[in-house]
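Think of it as A, B, C, D, E and F in the order they're written, each chain with its own count starting at 1.
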Amino acid sequence: MDPRIKIFAGSSHPELARAICAELDMPLAKSETVKFSNENLMVKIQENVRGCDVYFIQTSAPPVNENIVEMLIAIDALKGASAARVTAVMPYYFYARSDKKDRPRISIAARLMADLLQTAGADRVLCMDLHSPQIQGFFRIPVDQLVGAPILATHMKTWDIQNGVLVAGDVGEAKELGRFANLMGLPVAIVDKRRYGDDDRAVATNLIGDVEGKHAIIVDDEIATGGTIIEAANFLFARGALSVKVAATHGVLSGPAIARIHDSRIDTVLVTDTIPLRDKLSDKVRVLSVAPVFAKAIRRIHDGDSVSDLF
Amino acid sequence: MDPRIKIFAGSSHPELARAICAELDMPLAKSETVKFSNENLMVKIQENVRGCDVYFIQTSAPPVNENIVEMLIAIDALKGASAARVTAVMPYYFYARSDKKDRPRISIAARLMADLLQTAGADRVLCMDLHSPQIQGFFRIPVDQLVGAPILATHMKTWDIQNGVLVAGDVGEAKELGRFANLMGLPVAIVDKRRYGDDDRAVATNLIGDVEGKHAIIVDDEIATGGTIIEAANFLFARGALSVKVAATHGVLSGPAIARIHDSRIDTVLVTDTIPLRDKLSDKVRVLSVAPVFAKAIRRIHDGDSVSDLF
Amino acid sequence: MDPRIKIFAGSSHPELARAICAELDMPLAKSETVKFSNENLMVKIQENVRGCDVYFIQTSAPPVNENIVEMLIAIDALKGASAARVTAVMPYYFYARSDKKDRPRISIAARLMADLLQTAGADRVLCMDLHSPQIQGFFRIPVDQLVGAPILATHMKTWDIQNGVLVAGDVGEAKELGRFANLMGLPVAIVDKRRYGDDDRAVATNLIGDVEGKHAIIVDDEIATGGTIIEAANFLFARGALSVKVAATHGVLSGPAIARIHDSRIDTVLVTDTIPLRDKLSDKVRVLSVAPVFAKAIRRIHDGDSVSDLF
Amino acid sequence: MDPRIKIFAGSSHPELARAICAELDMPLAKSETVKFSNENLMVKIQENVRGCDVYFIQTSAPPVNENIVEMLIAIDALKGASAARVTAVMPYYFYARSDKKDRPRISIAARLMADLLQTAGADRVLCMDLHSPQIQGFFRIPVDQLVGAPILATHMKTWDIQNGVLVAGDVGEAKELGRFANLMGLPVAIVDKRRYGDDDRAVATNLIGDVEGKHAIIVDDEIATGGTIIEAANFLFARGALSVKVAATHGVLSGPAIARIHDSRIDTVLVTDTIPLRDKLSDKVRVLSVAPVFAKAIRRIHDGDSVSDLF
Amino acid sequence: MDPRIKIFAGSSHPELARAICAELDMPLAKSETVKFSNENLMVKIQENVRGCDVYFIQTSAPPVNENIVEMLIAIDALKGASAARVTAVMPYYFYARSDKKDRPRISIAARLMADLLQTAGADRVLCMDLHSPQIQGFFRIPVDQLVGAPILATHMKTWDIQNGVLVAGDVGEAKELGRFANLMGLPVAIVDKRRYGDDDRAVATNLIGDVEGKHAIIVDDEIATGGTIIEAANFLFARGALSVKVAATHGVLSGPAIARIHDSRIDTVLVTDTIPLRDKLSDKVRVLSVAPVFAKAIRRIHDGDSVSDLF
Amino acid sequence: MDPRIKIFAGSSHPELARAICAELDMPLAKSETVKFSNENLMVKIQENVRGCDVYFIQTSAPPVNENIVEMLIAIDALKGASAARVTAVMPYYFYARSDKKDRPRISIAARLMADLLQTAGADRVLCMDLHSPQIQGFFRIPVDQLVGAPILATHMKTWDIQNGVLVAGDVGEAKELGRFANLMGLPVAIVDKRRYGDDDRAVATNLIGDVEGKHAIIVDDEIATGGTIIEAANFLFARGALSVKVAATHGVLSGPAIARIHDSRIDTVLVTDTIPLRDKLSDKVRVLSVAPVFAKAIRRIHDGDSVSDLF
């Protein structure tokens, strides 16, 4: 690779950064984040970056808010050190679910993050499967969005899907279903949730479509605490599903998620490594790597080639 | 009303502007748009607006692009004339469907429009039913978004909906279905469209849910050429629907829409007047006015009261 | 030419864009503008432009306002597609006559256009004969302004100008006269117009200088409806002019212009092709091409050479 | 006056500031500019201005560049001290003649000044007779431009103008002539200057129109060194003018101007006090005060009334 | 108080916010910060703030980086909810020590924080004892900086200071010494630290001035881990000091600070409550409240009165 | 050198610019600053700079404010002429001492200068020994700050410093002392100044540390009128100093400085040529050139190499 390309890793996911560098056959650039006793961070960029094409890799993983601040400080340091261009590589974008104002007097934090990144000096963004495609519009700088569906679908085709049905856990989250349905040629069904009275929580009430006697595959963009998929799985079994698998790009798997999945009747959960899973794994969870596709995208961006066939 | 509040109308929808002023019991402020032989526009603000709280009403109606330019010129003129605050009131927001980058190398024009409005000097925005809620995040200035569903639903409840089912014409457009389902307590169904081969056009292939022996109500945020709803209606009749009605906030009804609806088996199309229908009406089309809710919102914004219960 | 240079044409004047590309011996880059039934435009950039030096050619021709919006969308798309630099090439700049606030509460729309172009992402501008040279100051980005006078004057010298006199149609528009007078070594005269009473329209009242027994050549930067030049021509004939010719860079020739010229005593109108004339021609109208000078300027800008000797 | 209005004077023209305050029957607000031995300036705002409507008066008088820096520092200090609004009152705008790029690689400094003022924090601008009206477009903030012609013309009508003719000293500067001609009902003439060979200097070559046996009044927006008007006066006398008077808004009268005028055949020079004349006066020079019109404009701006009838 | 003033508290220091509100005899405005399982924060502003003058109180206390993000989200939400003005009240400013580039390729994070606050929408800042006074220059918005020295000095005068000497722990931190020396009329001394070889750590090497037989009072702007003051105290005892007290505005007291102080020969540590101390107290630590001075400042800012006598 | 690098000199210090060019073995680029009779400046860039890496050298020397305006105009002209990058090289930064708000309602002018430079179009900054290191944070663009101490110290080591002591003239200015003490291995002392009553002026009251029987070297970042160092020198002699030398990076030497130094007991004053001394020299003043280090820094910046070992 051109020596003027440099890839730095924030604290959130150095494994992925190293895997991407390995794909590109180049070393990870050197930096160090010091955390002082007063919790202030200092990001030391330990290589000359003047005129370089720099990629800073940070994903929304715990401690999320500290990782945001680390990323902003790092980007500011890189620009102050005269990097020619800094691309914020965020496999799992920060605050992606805060993409609309669904109650009064809240922040659209996904937009605020976009503004903060630009204030810190980011020149472009590379990410995967934004919660909604409109988030690209939150940026004035170019955004390349990679897509996890082909990675997941390639693996899912190795499953026995003869009698399968793709399921969305909520009417509002059914958009992705179309993409998977087209890739895999399967029928679809949607869990219809309703809110009753003043209760804030939506309850699975009805199934639009049919899963009886079929192997259900719930698809979503992310799995957080697992509550939604487990409720959906139970609902699908109650409606006669033979088995339930789950596929999602972003395996947040926060709090009790792994334990819940382990104890549930779901047999397989397929995710990618946009978020580090570390010690959180159950043998039901299968992880696919996004490093090859990110490496390919970085090479293309650096060379000025189109990445549009990657998404 | 406070004399420092002034409402101006662009060329796109003076009827609505007058109706809003009538609700507020105040005169429409005077302005004139001159179109020179070279097609350049000059917007003359014919009242002193120094220190005033100004509302400029323009909706996305033909000639759409000229109306955009007129609005930008008017806002620039109002700010240059020292208006204290200019609110762009756009009942049907411009380029709302261009809210994502669903193919390479296109503009997210809904975001561009937000930037242009802010460049021209708009201080805040008031609109209704943005195609996706994320569009609010395209603005740095405060946006109040009114909702058409309660207006439509109030009228829809006067229909005989005992045996009704709410239908979305596409999996990707099913989000609004939830809101209506909660408001009206009806079951839902979704038309599943698929793309075959290289063909760009999605075809209704499957019905998720059931309409047999039921009165179907297709809900959407807008009706453009009518092609989608007529295809959906035919599909629903083929699946055993007893009747098909349509409800949508924005009645674009462009090109052959009215004729198509007139000739179709759809019995009723319910829209609001966010877009002027003028002579386009068929007796199948029923129009509800949004003037009262816009008037209420303007009064609240001017008084610094919360408008959150309006949406 | 360097393959990293790409020239795109908006809808306003593809002929000129093709002529410029022919001069540069390179193909016009591929793009397509789709106009949906709701009049929204989508500009599809059909070539990879990452890292390219892009020129987008759009001129102020009907439909003017739609062409403005198309240009803004195209520039936004090009920048979002990672073009290294986008130059807005506007042979006839938009809203150039709206360059001052000559009545209260109007927009200086030529300045607004400059702001909108910069908001959309334009990096530089190339144009010809701005109505006033101060318009360059409306931009923060570099502007190269080409000059039509040498093109016109070179042709005018082929006329029999022995006994000629250059005439400005208004005291306020006499600036250009000096340039032509210096180029051609001819005397000058100016029509003195006055406003009477409340009438908004200025009437030719007096001739400053002398045209008796001479061949008059009215020079201006643009000809719009032709009203001004025909009134001036009649006035000059009344003052004893032997013949009247007209030379102007921008042949807007809107509305009745061609018919009026055809029916007038003016014998020749000389313009350039900064605006497409298409089927508007009379045999009195002679059109010179600006493609060679624009091609030369684009090559120089791309090479980082000075274009100052071109203007 | 409302105590929240405060008028401060920069170092360039405290006399005018005091005259304006006297018209408004209010004290000049207290400030002090200290110049340290290293020539750095410190502007001390000596009154609380939180929430106030502040006017800072500075005109382009020597030392011009130091006065620019003083003004920028003062505006920054006022904004930092929480003034609600700061209006830069510049009777004679800075670098007004640098309003176009009439040679390669120069700054349009009048635009740069506008940008610097906005960077320092100016919220609006009040000035008089900008060299070209397009300069208003250099600002994004509201600009009110007062006009000197009515002040001058009111006085000029007290002269014996029966047999008068208004004269512009150059074709390129003839715009103002129209305004005066309409106000005074006089004929006009224009001096035609040409450049010969490589010489940079234009020479009066020809007279467009006629002054023989008439009393000539040269009108211009400013008189700098006086060279132009004296050359024009000599030329007019040579063409038979009976007498020559001069009227201009801005009496820069730099360098040898007063001596030259004194020694010339010009009998009267009429200017306003937009620039302090101090000890530069000859008895041929008559100065009219702009304080009343500036005072009126400030009162109107503060009250949110229109100032458009003042210009 | 005017009902249009609203004070909100972030999660970092609600006690101080409540104390300030108590001083102002007004309730703390209602908001709630929800932390989701994926660590994303949602700040719900639970009162209408349209047109209000809002103060958001957040101090640099653990978890520091999460509190930064909470503050940015809250300010964005408040501006989006149409607050007229949002003042970020930061008793202990974030990243104040990162105010210079003392090694290559690092961020001046105190400046970055200023930019982020302005991007989020902060209109002004109120803080106390910035580590260096230049930090005010990092903001374009008005900053009011309160001073802790008078609060500390008032209390210190109750000590027996007859035979006292004020000591700075480092030559580079001696600036504040002057202020205290002037307030208390005491002599001063400075610990001279040097770096040896490649070691990054400076060691107390020499005492400039004299403490023998005196009661030493070390003054600083903050106490972090306590390492510096304990080293200095030991050094002073070795040089003959009779006793050592410490006074500092910001009691960070991170990590082992309290235990170290408790075990040291320092008899008293005086700090203010700009940072919550909660359960960290030793009986050697005395805390003074800054609530009265912050309350006074907020009232003055709201009323448009000068706060300059408060600092 | 690469022909795309161009170094221009402003009017303040052409000698230094030429010396830097000589070090780099390249010609000074051609420009001319014209000052018109109305004191307006026009900077003519007399070489093509399209795509070039441009360095504009201007230092804070009289006439300071005019030099600021010249620099802003030049940078604007260079950017308008399409320079790829413009670095403002300011050996002695403008208004560096105005870096904090040490009294109410003043501008932090060093920050304002940073903003003005960025508004004019500066892309980066190269300077030496900013009065406080926080000034780097006033810029959003990269700043490289060179350090004078090694240049001075190298020369100072040629002095007989066996029995030397480094002295700071004020507690607040003692920061630099540490750097010199580490470089030279000498003890330090600090003059303690106090303010009495309402008097604004601090008086040397006490000496912290000891100079008796030693050779004192006062170090500071700049020498302005010389008042401070002469007062300090007298104070040091009174305390038993054997001799007094002075070393400072910036030799402002304004007003009576040279005469005062000449008449004082100070034997040597060592400064650099960041400011032109011209005819101001006394034989007590020794000037070292910064041209080599600036030349080295420019070469490194152009090549994209790190300059961090230069400071």
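Heads up, the rule we're going with is that a residue touches a chain if its C-beta (ideal position, glycine included) is under 8 Å from a C-beta of that chain, and two chains touch if they have at least 3 such contacts.
Every value quoted in this text rests on a predicted model; they were computed, and no experiment measured them.
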Checklist entry - What chains do chain D and chain F have as common neighbours? => result C, E
Checklist entry - Of the pairs B-C, B-D or A-C, which has an interface that repeats that of D-F (more than half of the contact pairs shared)? => result B-C
Item to check | Length of the line joining the C-alpha centres of chain A and chain D, rounded to whole Å | outcome: 62
Checklist entry - Roughly how many whole angstrom separate the Cα centroids of chain B and chain E? => result 51
Checklist outcome for this item: Taking each chain's centre as the mean of its CA atoms, chain E sits from chain F at a distance in Å of 32
Checklist outcome for this item: Listed in rising order, chain D residues that touch 2 or more other chains are 80-81, 101, 103-105, 108, 115, 143, 306
Next on the checklist: Going by the touch rule stated at the top, which chains touch which?
Outcome noted: A-B, A-C, A-E, A-F, B-C, B-D, B-E, C-D, C-F, D-E, D-F, E-F
Next on the checklist: Going by the contact rule set out above, which residues of chain F touch chain A in the complex?
Outcome noted: 124, 142-143, 301, 304-306
Item to check | Residues on chain E engaged by chain F in the complex (per definition of touch) | outcome: 99-105, 108, 110-111, 115, 132-138, 140, 143, 145, 168, 171-172, 174-175, 177-178, 181-182, 187-190, 192-195, 206, 208-209, 306, 308
Checklist entry - chain A touches which residues of chain C in the complex? => result 48, 50-52, 79-82
Checklist entry - In the complex formed with chain D, which residues of chain F make contact? => result 36-46, 49, 60, 62-66, 68-70, 72-74, 76-78, 80-81, 95, 97-98, 101, 103-109, 112, 115-116, 119-120, 224-225, 252, 254-255
